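A short write-up of the structure that comes next.
Chain naming follows the written order as A, B, C and D, and within any one chain the residues start at number 1.
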């Protein structure tokens, strides 16, 4: 431990900010009403659409957080008293959703809520399946998806999956500090907003003024320009690596983590492989061990920030965030720290087993291009 | 003009970010659930109270903008249908307010809204006078003040003036990028919130969860940590100079600007001296001149960002923001650029008249301590 | 005055670092033996040749200062006891040089030293004239030029003028922090080095190892990578504006300063216009005034750093550096501060006369392209 | 591998720059002749003396590299033709040195050169032993020590060991970018300089002008102010952790690396434990393996920069630098990457063996204070 080294960050967000993004944000302020400003903002709106893989609609950038973007999605499309279908804690069964929407022949359900990646438990869900269920039931409900810990890290296909609102924030896959709520909405959601006619009280998160000013490249109130400058670079980095390569890297790194968990003889909170999240792993500690001890030990003894267990799994799981600007070395480092923290906390594991298993996985699957370069 | 030099920023916000603040924000991300985090956050809440000169109550920090802080103030204390007293465009007459609240013997008015410093017209208002009027009428209405372009630059005395909610943002007197809505509320406002019992729909801007988590040094959702790190340094800078010295500096610099306006033979939008804002001057251009031409000329020819006229005074005024991290040199620079832009736009002024008048003022009033040092 | 604002820097170097350059240097360290490193370094050597307008030869980058680059130029081409032609304090008369080299029919003079721009007195010299004199005398001496305060700001034509070594540093026209000595040498100088065969003791500044490793894109010892990263961006900025535009901008800004000096009724140290330096003006104060008082007053009262008078003109002149990343606004600011400092120091000048004269000059000569944009 | 993550730097310098140091260097330029400048520089000279544990003498800061500081040490104390005792490649036997100095009864040897830590082979040497040998022989030679890869990381006791000149650079234990040559010299060395009377040609690296100006807090030519600002913070960080704690941390981390090397069944270049360097480990690869392949594989496949083998051990060793701002996590990361690179390069090792052994060592020896905090 030394205060000279900034703690190693493996919470499921905020994530590490790449140096290029840090540089892009370390700038003097600018005039957000300058006639040059739209040349900067308008392409960002377009480029974000590609990150969300949208077919139509638009993207809003609020100076807020993902929570704010959620408030915007809801208050701009639904009215007080509207019935929605939503699961507790973000976990849901597609079968149950299919069943409930099929039964709702009166179409009382105005919106269906699904979480693409559930951060507390490390569970990924089948959004395409929800769409299929809605289509099978010919149900017109809006489909709202929480993509806070997925967009930019996992494949989000708003157009193909018929997602009507996808909520994201700056501090996860976009690898920025917290401060932007990024909300992508379909044309269907925009239409719903129009017919709603502003029945819910709102102002800051309203779409109407945003649309009017965004279309000119401006904002209805002072935007968080510094973060949007960072966002420009973040999108450029995602595109330079290639979105699909970014997703593949997340899968690869997550697989390394899961190999380590297996080797330790521990289990993930997400039981079936199809639910395994590629951005965060929630790991169950053995009976008799407090997962908070593991987190504290990693923090104070090994300068490593892990995620604690939340709500129902508090004390039972700890979480490793593995999203954003990460590579094999960093996964090796966190597994190394976690192994020691587990052992120090009384978990009976063999030191080197997890790092060894991850190394095995990474070494076997090193990409051909990287190998060719090294040859 | 050269692209090597960042445009000189003299809009009334965002303001220039001091180097120390830029440094403080150029940092890796951190865990906002770390056990060390409250040691950082709790003193900030306390120190902000001193900036607002509060007697009781608390300060909220939202990842938003001033507009968001306004939404928070309103939706947490008032219900739909509540009657309020508010002027258009932020300008109001204390006499009118006194009259209206005196007449409201039934106390139907739940809140009175006043703008401490009106940014579009460069008008400062007498908040102490509003308090006196309310007291004289024994009126229990909440007093809500817009301090967006005043707090940290002009003297805001929430305690003494009985202000119940004061709204501010990060990008003006706090000299930070946009992204924080800072809301200071009195105990009376907190009580109003409790008795309101959440009748207005809101979530992101709710006080209840904020209070619960802030008391522990945490936040209900991911805070804009990077900006709050900058805020720490910003408050330190304000305190190092001394709040009263900061205010005196703003008055001094504004007086230099006004001396130049006089010398040019032009008029301010704010007619009486008591209304002259020490953070922004809105300057009327002569008949037949479009103030937008002046702003564009300053921008494209002299790399200087001025504020345009808004709403009713569009085309008639241009604005010089003179708040935040500024000194005499910079005022000299902007007056120099404005003089040229005015002349180039067809205004008949003598070049050097404005800079000369401001220099005269600054030279005469240079502080003794600075003079002693130079001796 | 406020500590929130960094002092305004108008010494003749170090100069202001553009934001893009600051960003480019705010990076993690890198491996200077990485196989990727030459892809970064090799183009820099080539691009520097264009800045010096060389026909042949090469450029060395030492982790040192201009003084070090001078030591390198001398110790790698001359031997102890070699006769050279050099003026005191960098000022020289081309006629005298012509005379002395013409008389030296035995060619005992091995090298002729000239200063392109003399920083202490603000005097520019006619390097092309020195070349003509040498050619007329058919003298084979090496021509060594001090370009520390000229390269990147004034037109340096090594190839056309037959300059054999031109010394520069990072902290002037290259707009970087101090730390790089940049030495451009002709093929003739390289040949002189070879025939010298290392008779002077040196190691750090030796060319032999530099050449061997530079040719591969590496350095014989750890290079100042951070600054070289900044240099990459600095060269890019010079090229983006266009070298000739950069020179024209320096002439324009210097002309504004000289218009102010005239208006103040003061004189430059450099008497004839042909000697007027476009990067620094040394201004004589009236009898009975100590120029150090002006400098101190500007520093302590107006947060502005001017250059003091050095050597023979100490106390008699103060200097305004006007090179690097500067524009009209900043010139206006410094003239504003200087006017006040002059008046405060007892010089009888009319406030506004200098800024007015400069504004007059800038307004009249604003480029058409800037005007078109503003229209 | 992803370009979003800056390569992990484990060469034996430059080392990782702590965030606080990066911040301290990301500043506007300043006037190095400002009357305030000495308040900044003078304490640095004093504080550096404590880092070198000097009894008398002074420290010079050159805008150069360690190589330049060496040139300064030699050319300021010795004359051409002086006899010195020096080993090849920095490795030497104290016994041999004792023998040679004892035999030199005529005291022809003017200086004895020793390397505290030899970077190419990872060998630490017994400087106290050299002093003992010189004392035993009553030999008056100057003792010159290369501390480039030791000062700030290993215990350097100039006073106690009678070291007359110790050479260091900014980019190793001081955790800065390359660009400063830091030279600490004893009073005896300063006396030698005086009696030498400048017989060797030098200017840039001369002590005389440095002493004269440094005593006033200034420099004879433009100093590398940006790096010296960083140095201020670097020294502060070393003192905040405590020099002895910094040294203990280096020993601890190096021990972890050595445990891994043992577990891999590999050998260090430095055979005896007393020679094991705590700042760099040079690791021998098995016969038939090219160590450059290991380095390239780590670079291209695992984004990790290792040191290659130099000179006689090129192709036979690779090096892990473990000095500066490092902690257990980062050692875990590099061992993880090295394991994979070794395996990929054909070395028969068990993945997880090295990381496991290092984890074992770190876990066992975690400091009590860290454990108490975590409890």
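Rule of thumb we're sticking to: a contact is a pair of C-beta atoms (placed from the backbone, for glycine too) under 8 Å apart; a residue touches a chain by one contact, two chains touch by 3 or more.
Values in this document were obtained by computation on a predicted structure and should not be read as measured data.
Between A-C and C-D, more C-beta contact pairs join the chains of C-D.
Inter-chain spacing, taken between the CA centroids of subunit A and subunit D, is 43 Å. Note: centroid distance subunit C to subunit D, computed from Cα atoms, is 35 Å.
Distance from the subunit A centre to the subunit C centre is 51 Å, each centre being the mean of its Cα atoms.
Each of residues 6, 16, 19, 22, 26-28, 296, 299 in subunit D touches at least two other chains.
The touch graph of these protein chains is complete, with an edge between every pair of chains. Considering their complex, residues 19, 22-24, 26-28 of subunit D touch subunit B. Taken in their complex, subunit D has these residues touching subunit A: 1-6, 8, 16, 18-20, 26, 175, 237, 240-241, 246, 249, 293, 296-297, 299-304, 324-330, 332-337, 339-340, 343-344, 350-360, 362-363, 366-367, 370-371, 373-374. Residue ranges on subunit B touching subunit A, taken from their complex, read 6-7, 9, 11, 13-17, 22, 25-35, 62-68, 70-71, 75, 80, 169, 171, 177-179, 200-205, 220-227, 296, 299, 305, 307-308.
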